[in-house]
Structure formats: C-alpha cells, structure tokens
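The structure is given below, and queries will be raised subsequently.
Each chain carries a letter (A, B, C, D and E) given by its place in the written order, and its residues are counted from 1.
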Amino acid sequence: MDRTRLYRNGVLEAEGFPIDDVSEHVGDTSAVVWFDLCSPTQADLAKISEELGLHPLAVEDAIHSQQRPKLDTYDSHLFITVYATRLAEDELDFIEISIFMTRNALVTVRESSEFDIDEVIRRWDANADMAKFGAPYLLHALLDHIVDGHFEVLQVVDDRVEELEDDLFQNNSRDMQHVQRRTFDTHKKLVRLRRLAVPTREVVGSLLRRGEDIMDRGLTPYYQDVYDHTLRTAEWSESLRDLVGNIREAQVNQQGFRLNDIMKKITSWAAIIAVPTMITGFYGQNVPYPGFGQPVGFWVSTALIVVGTILLYRAFQKRNWL
Amino acid sequence: MDRTRLYRNGVLEAEGFPIDDVSEHVGDTSAVVWFDLCSPTQADLAKISEELGLHPLAVEDAIHSQQRPKLDTYDSHLFITVYATRLAEDELDFIEISIFMTRNALVTVRESSEFDIDEVIRRWDANADMAKFGAPYLLHALLDHIVDGHFEVLQVVDDRVEELEDDLFQNNSRDMQHVQRRTFDTHKKLVRLRRLAVPTREVVGSLLRRGEDIMDRGLTPYYQDVYDHTLRTAEWSESLRDLVGNIREAQVNQQGFRLNDIMKKITSWAAIIAVPTMITGFYGQNVPYPGFGQPVGFWVSTALIVVGTILLYRAFQKRNWL
Amino acid sequence: MDRTRLYRNGVLEAEGFPIDDVSEHVGDTSAVVWFDLCSPTQADLAKISEELGLHPLAVEDAIHSQQRPKLDTYDSHLFITVYATRLAEDELDFIEISIFMTRNALVTVRESSEFDIDEVIRRWDANADMAKFGAPYLLHALLDHIVDGHFEVLQVVDDRVEELEDDLFQNNSRDMQHVQRRTFDTHKKLVRLRRLAVPTREVVGSLLRRGEDIMDRGLTPYYQDVYDHTLRTAEWSESLRDLVGNIREAQVNQQGFRLNDIMKKITSWAAIIAVPTMITGFYGQNVPYPGFGQPVGFWVSTALIVVGTILLYRAFQKRNWL
Amino acid sequence: MDRTRLYRNGVLEAEGFPIDDVSEHVGDTSAVVWFDLCSPTQADLAKISEELGLHPLAVEDAIHSQQRPKLDTYDSHLFITVYATRLAEDELDFIEISIFMTRNALVTVRESSEFDIDEVIRRWDANADMAKFGAPYLLHALLDHIVDGHFEVLQVVDDRVEELEDDLFQNNSRDMQHVQRRTFDTHKKLVRLRRLAVPTREVVGSLLRRGEDIMDRGLTPYYQDVYDHTLRTAEWSESLRDLVGNIREAQVNQQGFRLNDIMKKITSWAAIIAVPTMITGFYGQNVPYPGFGQPVGFWVSTALIVVGTILLYRAFQKRNWL
Amino acid sequence: MDRTRLYRNGVLEAEGFPIDDVSEHVGDTSAVVWFDLCSPTQADLAKISEELGLHPLAVEDAIHSQQRPKLDTYDSHLFITVYATRLAEDELDFIEISIFMTRNALVTVRESSEFDIDEVIRRWDANADMAKFGAPYLLHALLDHIVDGHFEVLQVVDDRVEELEDDLFQNNSRDMQHVQRRTFDTHKKLVRLRRLAVPTREVVGSLLRRGEDIMDRGLTPYYQDVYDHTLRTAEWSESLRDLVGNIREAQVNQQGFRLNDIMKKITSWAAIIAVPTMITGFYGQNVPYPGFGQPVGFWVSTALIVVGTILLYRAFQKRNWL
C-alpha cells in the first residue's frame, strides 16, 4: 500500500515504484521524491533513513508514537510530527503523521491507515502547476489537509455546544444528566484538541519564520494561509472552551434554581397535607370536645378540612410556590 | 447596488460608474478608485482581481466566510477581514467585511447587505477635505464606522449587565430564572465579541505599525484614534466579562442563602405543626389517661395545643427562622 | 470659575487673568502658562486650541467623555486622559481629567467641578521652588494628587474587605445576605478601579520612558515616585480582588456547612417527634393490645414516650447533630 | 539602641559609635560604614541624609510605611524597601525594612524593633572574611536573612496545608467548620505573602542584573543564591495556593456528598417510621375492619409493624442508604 | 557503594576505584572522570570539591535538600539540581539529584539510594560509542533517565484520570466519595509534579542554549530530544490538570443532579404515604361520619387508600419523579 512519487522539474514522472528504488532517485537533485510509509517497522525505515541520511533520533520518533506536535531541525533535513484528527461514532481519534523533508525528498510516516493519504494526493494533482515548488509544496498540501481535518472536528464540537445550549433551559430532568455527560465529554475533546491539534500552529509558524531558507518565495502566502487556519483553530477551540464553561456555570445555577423550586413545592404540599391531619387528629381524641360523637362534629371537621386546604392552596399559588 | 467612486487629487470626480469600467481608472496613478461588492460570486470578483493583481488566496478568502479578523500582506496589496456587528431583536449578528487595498484602490466586499455602506459614504463626504490622503483615508473611515458599531453593541450589553445587577437581589423567583438565562446569554455574546470584534485591535495596530509605508503622516493620529477605540473595546468587554462573573457568583451565593432560608422555614413550620399532632395523638389513645372521656381532657388538650404552638412560633421568630 | 496662572523663570507672576489673554503669554517661551477649564463647550476650547495648535482629535476627546486613561503624542503637544476617583455615600464616581501639555503650557479640562483643583494649586504652592521645572512639574503635582485619590478609595475598599472577613464566620443569617451584597458591590468597585484607575500606570510609565525629551532630569525621581504609587495601586487592587475571591469561596463553603447543619437538626428533631407519634398511634388502635383501656396502658405509653424521647435526644447530642 | 559599624579594608574597626560621628567616616573612601535606625523620626534621618546626600523622596519613603518591595536608583545611592515576616501566635506580621546603599555606606531603617537585626550582625561576623566586599556584602547578609524568614513562614503554612489535607476526609462536622476557617485564613496569608514577600524576587533580580556596577564579581554567586531562594519562595507560595484551591474544591465536593448522604438517611428513616404510623392509623379507624376490637387485630397489626419495619430497613441497607 | 568511572578518549579505562584516587585523574585533561556520592556528608564532599575547585555555595546546596530544579553557572563548573520521581504504593516520592559538571568530570550526588544509578550506567554502556562526547554525554543519559521517570509517573496519573472519568457517571455513592478522594489526590500529585518535575524543562533548555560552549555539536540533537520530552511532560501535566478540573466540575454537577433527584423521590414517597395517613385519620375521628362503625366505612376507607395510592404513584412515575 505504500505510495511513492517522483517529480522532475515540477512534472510527475513516476509513481507507485517500489521503495527499494529509492537510491536511484535520491541522488538526482533535479528530482523530488515522495515516499509514504504506513505504520512501518524499524527495518522498513532503515533503508530510506540510510539513503537520505536521516538522524537516528528522528527515525526513532517516527516509529514510536510520541504524542507531541513538533518541528525538529537536523543538519540535512527537517523532522515534523503532526496529528490528524478523525471523529468516528463520537470518538475522537488522533493519527500521528511523521514527516521527513530534505531538499528534494518528502517522507511521510502514518501511524495507521485511517489517515486518508489519497485525499492529499488528490490535492496535489488538483494544483499540479504548483508542483514546481518541490517538497515544500507537497508538505503544504499535507498540512493544509490535516488542518482542514481539525476544522471539521471543531465544527462538530461547535454544533454540539449549540445543542447543549438549546437543551440547557429545558425542564426535563432526564435531559439534565444527558447534558452533563455531553458537557463533560465536549470539554474533554477540547482538552485533547488543545494538546494535539492546536500546537500545529507552532509547527507551521516555525516553518514560515524560516521563510526562503526552506521554500520558494511564491509559497509563502500559501503557508501563511495554513498558518491563519491554525490560528483560527486555536481561537475557535478557546472560544468553545469558554462557551462550555458558560454552559457549566449556567447548569449549576439552574440546578440551584430547581432545588429551591422543589423545596418550595415540598413545603407547600406538606403544609396542605398537614391541615386534614391536624383536624382529624383533633377529632380523633377520646375527650368530649364540642361535637364529640355527634353529626355536627363530622360536618364541622369536614368543613374545616375543605376550607383550610383550599385557603392554603390559594395562598401558596399566589406566592408562586406551586 | 454595487457602489463605485473615483477620486482625483482628493476630489470626488465620478461615482456610480459600472464596475466594468475599472480598467480605465486602475492604471491612472493620480486617481483613487473604490469598488464595493455585496456578497459577490467568484465571477464578480474575477475581473477586479485580475485588474488589480489580487492574490488568488485573498480572493478566495473574500468569497468564503472564514470567521477571523486578520490583515494579510501581499506584494501588491493588503487584504483585511473585519467583522461589523448588528444587534437585531437581541440577536447579535456579525457581518464579514473583506477589504483589498492597493496604492490607489480600495475594494470592499460585504458578506450581506445588512452592513450599511451608505453610512460610510456619508462619513467620507462629511470630511471631504481628507480625501487627499487617498485609499488609507477611505479605509480609516470604514474601520472607524465598524469599531463604532462594536461600541454600540457593548453599550447595549453594558446596559443589560446593569439590569442584571439590579435584578440580582430581588426576591422574586420567576425573575431568578430570567436572570440566569440573561446572564448566560450575555456571557455568550461577550465570548463572540471577543472572538470577532476584539481582534480588530490587532488589525488596526498592525496597520499603524507600518506607518508611513502605507499612509501619509497626517493620517497617523486618525489611525491612532481608531486604535484607541479598539483598545477600549477590548478593555470594556473584558470588564463586562468580569462583571458577568461577579453576577454569577453572587447568584450562586444568593441561591445558597435562599435554600438555607427555605430549609429554616420548613423546619420551623414542621415543628409547629408537630405540636397539635403529638398532643391529639396522645389524647387519641385508648388508655385511661388523665381526662380520658372527660371535659377537662378536652380543655387541657386544647390549652396545650394553643400554648405550645404560640411558644414555638415566638421562639422561631426570635431566631429569625420565620 | 476657570483658573489661570503664569509662571516666569519658576516664579508665579500672574494668576486669575481671563482665558482670553492667552495669546499674550503663549508666544513667550520664557513663560509657563496654565489654564483650567471645567466642563467646557466646544467654543470654550476653540480659542485655546487654536493658540496652542492642539490637534482636533485631541480636542474632541477632551470634550466627549471617553472612558479610557491614555497618553497620545501629537507633534506639538501631549494629550493625557486620566480619571480621578471620588467616594460619596458609598458610590464610586470617576471624573475624567483631560490634559494638554506643550513645551510651555498646561491645559487641564475637568469633566465636572467635583474634582478639587484647588488642592492641586495648594500642592504647587507648597513646593514653589520646583516650579522651575515648568509644565512637567505642574503635571506631576496633578497626577500625584489623582493617584493619591485612588489610594484613598483603595483604603476604603480594603477596610470594607476586612469588615467582610470579620462578618464571614458570624452565624447570623441576616448578616449573611448583607455580606453577599457587600461582596458583590466590592467586587464591582474593584472591576471599575481596574478599568479606570489602574491604567494610570501605563500613562505615567510612558511619560517616564520619554525621560529627558519632555522633562528636566531632576524631575525624574518625582515621576518615578508617582509611578511607584501607580504600581502599588495595581498590586493592591489585585490583592483585594484575590481576598474578595477568598471571601466568596468561604461563603459558599459556609453555606454548604450550614445547610448540612440544618439538615441534621431537621432530621434529629423529626426523629425525636416521631417517637411519641408512633407510640400514641399504637395506643390509639381499636384492638385489645396489652393495657387497652387500662391505667397500666397509660403508664406504659407515657413511660415509652418519655424514655424514647430522652434516649434519642442524647444520642443525637452525642453525635453533634443537635 | 541604634547600631553602627565601621569597616576598614574588610576589617571591623569600630562599632557602637554615636550616629553623630557619621561625618568623620563618610568622607573616608577606604572605609565602609553602617548605621541602623529603628523607627526613626524625620529629624533622626535628616543628619545622615545630609551627610550621605540621600534624595528627599527616598528619605520620605523610609519614614512613611508604604507597603511595596522596591528598588529605586538615585544618582548617588540605591534605595531598597523589603519586608521581613514574623509569625506570632498565628498572626502574620510584616516589618518594613528600608535600606540606603552608597559606595561605602549602608543605612538600614527598621519600622519596628521586632525585626532581629542582631541575627544579621551574627551572620556578618560568621563570615568576617567576606567583609572585604564592602557594603554589598552587608546588604547580601541582610537580604539573605529576610528571605530565610519568608521560608520559615512558608514552612509553617505548608505544614498547615498538610494538616488541612489530613482533616479533609474526616467525617466530624465540627472539624469541617474549623477546616473552612483555617483554609480561609491560609489563603489570606498566602495573598499577603504574594504581595509583600514574593516581589523581593524583583528587588534581588534587579541588583543581580546590575552586576559589577555595584558589586565585586566574587559576590555574584552569593546574590545568585539569594535570588534562587526568592524564586523558590515564589514557586512554593504558588504551589501552596494551588493546594489550598484543591482543598477548597474537595470541601465543596465533600459537602455535596454529605448532603446527599444525609438526605438519603432522612428519606430512609422517614420511610421506616411511616410503616407503623400507617398501620396504627389503619387500626385506629372507627370502622369494623377485620380484627376490630379483637386480639387477632392486635397480633396482625403488631406483626405488620415488625415485619414491615425490618423489610424496609434491610432494603435501604442493601442500597447503602443507611 | 559510591561508584566511580574513568574514561580516556571515549573508552572506559577504570571503574570502581576509590574516590580518594580522584587527584590522580582530575589533572589529566585527556580523561573524563565520574564520581557518584549517595547522601554524602560534608566531609565526603570536601575532598572532591577541593580537587575540582567547586564553589562552596554549590557544595552546600548539594548537601542540603533544597527543593528547586535549577542550573547554576560558576566559573569553572556547572551545578545542576533535578528531581527524580518514584511511585511506590501510590505515594509519589521525589529524589534530589545534584550534579557538578566540569570540562572533564561529572559528580552526581543522590539524596537517597532509591534512585537507581545502575540503570544510568546501563544506558552509558548501551551507547558506549557516544562516550567520546565526554561529561556532557554522561549528563545527557542521566537527564534522559530522570525525564523518562517523570513520564512513567505521568502515565500512571493519566491512567488514574481515565479511571476517574469512567467512574464519574456511575450511580454508586460509595464510589462517589472514593472518586472525590482520588481526584483530590491526583490533583495534589500534579501540583507537586509541576513544582519539581516540570521545571526540568528550564534546566535542559538552558543547557541547550549554551550549545557548543559546553557540548560537542553532535550532542545537540540528543539534548534537543530530552528537551522535547520535558516539553511533553509540561504539556501533558497541564492537560491532566485540565481533565481533573473537568472531572471536578462534572462531580459538582452530578451531585446537584442527584440531590434534585433524591428530593423528588422524597417528595413523591411522602405524598404517597400521606394518602393512607389522611384517610385513616379521617376514619379515626370520634364523630359519626358516613360509615362510622359500619362495614361500609371499612370498605370505603380501604378503597380510597388503595386507589389514591395507585393514582399518585402513577402520576409521579409519569413525571419521572420515581
């Protein structure tokens, strides 16, 4: 499945040749080669690493998952780690992409096949005229695709936050717990995005700062564009965190409000029920109270119950306790 | 509806000519042209973009809503995105305004017709003598109008926050939930302003920093003035967030206070009601207690009920539980 | 009421002359003039502004209240806005003071007559020998007075915070709501101070940074001294915010504690009252239980009530629930 | 009680001479003099200030308590304010120490005699060979002693925080309120330390940055050492604030937990008590229910009470509500 | 137990020789020596310190535990303090490691034997070819091992946080208190890691910044690698704090939800129980109500009880209160 490409003077010359043919092309400075490795073993990487003179530390990082977006500069090449995102059935997955870039070669190492490298190839072909910018252009399209992926996730999270906001002032308690669970989960997703997606900003910013050392001047606006997107990712996720915080505080306030409401209802009904209890208690005494054992006692007792209950009910209703 | 203007040597020479006449004026360096496009299609922009040599990335950003105030510098022009605000029936809308500024042309692209470009034109005409500063002056009046719009929204939010503060220590519970909902909504508005209005500060600050590269020295104080306003927007919205936080914390404290209050009332009334219940329970026993079946039992029972109830009521009232 | 002064070579030469005499003195570089305007109209400022060559933007800011401490530098003069504070009957007012300073003139524009300019004059006269430093000295005394005013307000707020701390662990619930209201109000005052008093720091710091461009070297320590005071204002108000936060969290904890306490009391008393209710209920049954209709029933019932109640009461007391 | 010392060529030559002898020694550049003043009046400082040429603003600051650690640089001398700490009976006191340092003189002004200057003298004598570094060395030992004092206070606060943590999950409610009060008090102490002890860091850092302008190169590591201690003070107090926050949040959670727990207990017992009440209520009716007035009624009623009570008790115990 | 090593030209030449033989090797610039001291006394360090010319302040810091990761630069050597971590039975221990590094010597001082220095030796031997980089290489392996230790602890904390998240929405209340205790404890661990493990970042970063002054260029990527790990430690622990905060807020929400839930249940059952109480109270009156003393009274009473109870039960169930 590993993919390869060879560009010469900005034109795609060969594609899909075996990685073992690396040596033929690497020495040729007029050519730009690309190799893609999907979850490679140490042995897989050994050959390319030797041909391209990759630093053993970078190679080791590419094999072992290491969970931090970064840009390392070695004498003969750059080493980049970024994280692509994938939302599958509400689970947020991060796929580590390690990249080696030399003057005329780009090596991409994907942690798993779940990252859709074909989409990157489609982007390359859609702007084939830009292939003249060489490896930095290939890298640009890859980073652009990854950052677009972060956006898609943020869009889903944003929609979720809006749903939570809509549910917030509903009075159904089943929904309440659901809202809490979703709020918790949304916050968690944002924490993870902040750790693995947002720092892509520093990686791109740092590529941009090197400017013409590593890329043609005509590419700068394109990298600036990706950089803008990473800034937006950062601002957007910060903004969403703030909204989630807003939801949480509103939840706490809501619960306090509801508790007070319930307490008032309990109090009201307890008072209303206390009326007949008190009166029948009185008429249940074994002492000759007025009306003891006489029909008039029954009528008075019943009248007191009915009237007392109604009066209390109205009083509470007036104070909005019921 | 698209508006156009042509200034020559600081004097308005033509206005309302078709956008297709662009080419005639663009080459003329003694003239300053302005074009306004309202939610244009790709095709609409294509011509101008070609005439003025606008970068395709900037053109694409102008067409697609992209939600981030920014200033991009291209070789031959600046590209600015800012957001105008509109409060309609308590809904806060943002209208994206994209701006291209070359040496002698200003192109404004409005996302929707809800942004009142006529007001900007009125401002231009009110200070017609400043038209001698060219495109940067036109830009200034536009930014000034947009920032004034942010102020108007903040003023409304500020009034709202004061209302919330006034309602806070009212004891009416219906208002309580209303206050919570409004607090939530106000916080949300502030989060959005922080994301789309406050960063206008960086855009203006960045224009100011370039100084004489892009504008006449005499314009500097005017840009400084807009910059001051954007700083005030930032400080004001920060201050409002703080006040909303203050309101929220006070709400939580208030609810705690009220809950305690209600609990004390419940306890007091339950205790008061327990007195007759206990006594009539005693006199309801089928055992020959003192006064069983005798009038004296009735009088003692009734006396105990009345005295006990009054004593308890007074005791609770003294402790402020009722 | 508008005040004026003319210093020549560090000596007060004239005072109280009409503002219309401005032109006579302004051209004289050996003299330093001061004009004070209290809530002037546009017309009032027009003359001075023309004589001193003030920038129209600055003049406009001086007339319209604009709510932001700042220092603007124009070609021929500095424009400063600061806010004096006044606590009247627990209401915190801010009075905008706009200042124009040229090489040899100082113009102060007060928003209202509530700012006591006479106290500033007293300070000038108390250190008459420093008048040799010209306009920057006059400005120094004014800023010093304003910052001292901020201190007085902070001292009052500090005392208030200490009162709140003392009241915090009192058990009287009426005080509780009072404490909440005061806490809310104190926080609000601090937010406003932070917005309008604390940024005086940047204004003074910025004057200090220009150093010998605008003031004699001998004045530097005096400006440094005011700057130290503004730093202290900032630190103090930050510290007070922290203490208010501490009070608020303690309040929440206290309320939680009290609610638990009340719940325990309710539970205890409910349990104690349940004892006689249960027993008299038993003895009220119309079935021949042991002692039914016999004196022994009464004695047993009464004994059970007394003993049960006492035992429960002691048990709860031991667990500190009562 | 005021102490004085005269070092010549790093050797202590005289000590305890009257402050009035200042003039003899100050002019002698081969000597280093030290004067200590404890809560001096303006007059006390006047002479020294004249001899050493101290700036009147610094002298004024030394007399009036001013609550801010700082380092001011004047032409001929440095002026330093720092705060020594003292914990007496759980009260945290701060003692202001003002210091003037010229090339060959050190003047220390203590706000009160509670700061133990003798301990500083002991430190000087313990490292007598370092006296060759002159006034900066004397200053170093003083600052070192003051920062050590901050450490002692932090150690006590740290112990207190650990006690609070240990008490946190105890179930005794009296302790609960105690814990809250202590938490509040600890937070308050940390706020004050942050304001008056932590900024000593900036004072020492600023001395260090001037380096060889004011001190011999051999002293640098010693100042670096004090600086490290001030950094540790800052980090430690920050860490303690964090732990206090942790305790507070745990308290809130704990109270919520306990409240739920109490509510469950109340509910359970109320339900259990409701069983006999309901049954005896039934058997108390004046209608010929099965067993009315017959021994079988008594047995059935009693059996229902006992069985019902036991069943409910077990059910609640199983659900952990009791 | 103290270990020693002597490398010459990158080759291990001697090992385990007595520390007293130091002098023989220290003068030899072609050799690199390593000494390890485990909780040494002042006397133990005196000799080495004299031979290598270590600064007395650094030596003192190495002996006294001082609780702050730092890098001090002295004329002839670097002094480093870092903290190794150890999790034993859920207790987080920190072991202070002090390091002196001169051009050709490395001295490690361990606070306790619990830090496994043998593992560091194993690392040295595993990459024996790198010994040619001298003392900085030895230091690298040591720091790498310590930072790996921090990772292991963070991994355990991370697992713990996931467990807490899983338990969060369980309804078992025993677990609730357990979750609270664990949350508290996890937060505490993170605070301590932040204070003693995270600042290792500054130490390594500062070594890296000195670059070729202290290490061979070939070592830079290796130090960069450790630095990346320390950055990850910082980001990871920050991220975990955030997740713990998320858990805490969810707990508060959950408790509020459960309290409301319990209150509804209590209310419902109290209402249901009130039905028979009220009815049997009525039929227990000693007045001739319809059915008094007649079988029909019994049937009506019983019917009312059964129907009333069922109706209420269904009503509450429909509203989700049961």
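Quick note on the criterion: a contact is a pair of C-beta atoms (placed from the backbone, for glycine too) under 8 Å apart; a residue touches a chain by one contact, two chains touch by 3 or more.
The UniProt protein names, listed by chain, are A, B, C, D, E = Magnesium transporter CorA family protein.
The shown structure was predicted, so the numbers you read here are calculated from the model rather than taken from an experiment.
The chains in contact with subunit A as well as with subunit B do not exist; no chain meets both.
Note on subunit A versus subunit C: their Cα superposition corresponds to a rotation of 145 degrees, in steps of 5. Here subunit D and subunit E face each other with different sets of residues for the most part; under half of the interface numbers are shared between them. For this pair, subunit A with subunit E, the centres built from the Cα atoms lie 25 Å apart. Subunit B and subunit D have Cα centroids separated by 41 Å. Shown for subunit B are the residues in touch with two or more other chains, namely 252, 256, 259, 263, 266, 270, 277, 281, 284-286, 292.
Arrangement of the chains shown, judged by which pairs touch: one closed cycle in which each chain has exactly two touching partners. From subunit D, with subunit E next, the chains follow one another around the ring as D, E, A, B, C. The residues of subunit E lying in touch with subunit A in their complex are 165, 168-169, 221-222, 224-225, 228, 231-232, 235-236, 239, 242-243, 246-247, 249-250, 252-254, 256-257, 259-261, 263-264, 266-267, 270-271, 274, 277-278, 281-282, 284-289, 292, 320.
Contacts from subunit C toward subunit B in the complex involve residues 55, 57, 66-68, 70, 72, 74, 172-174, 176-177, 180-181, 183-184, 187-188, 191-192, 194-195, 199, 248, 251-252, 255-256, 258-259, 262-263, 265-266, 269-270, 273, 276-277, 280-281, 283-286, 291-295, 297-298, 301-302, 305.
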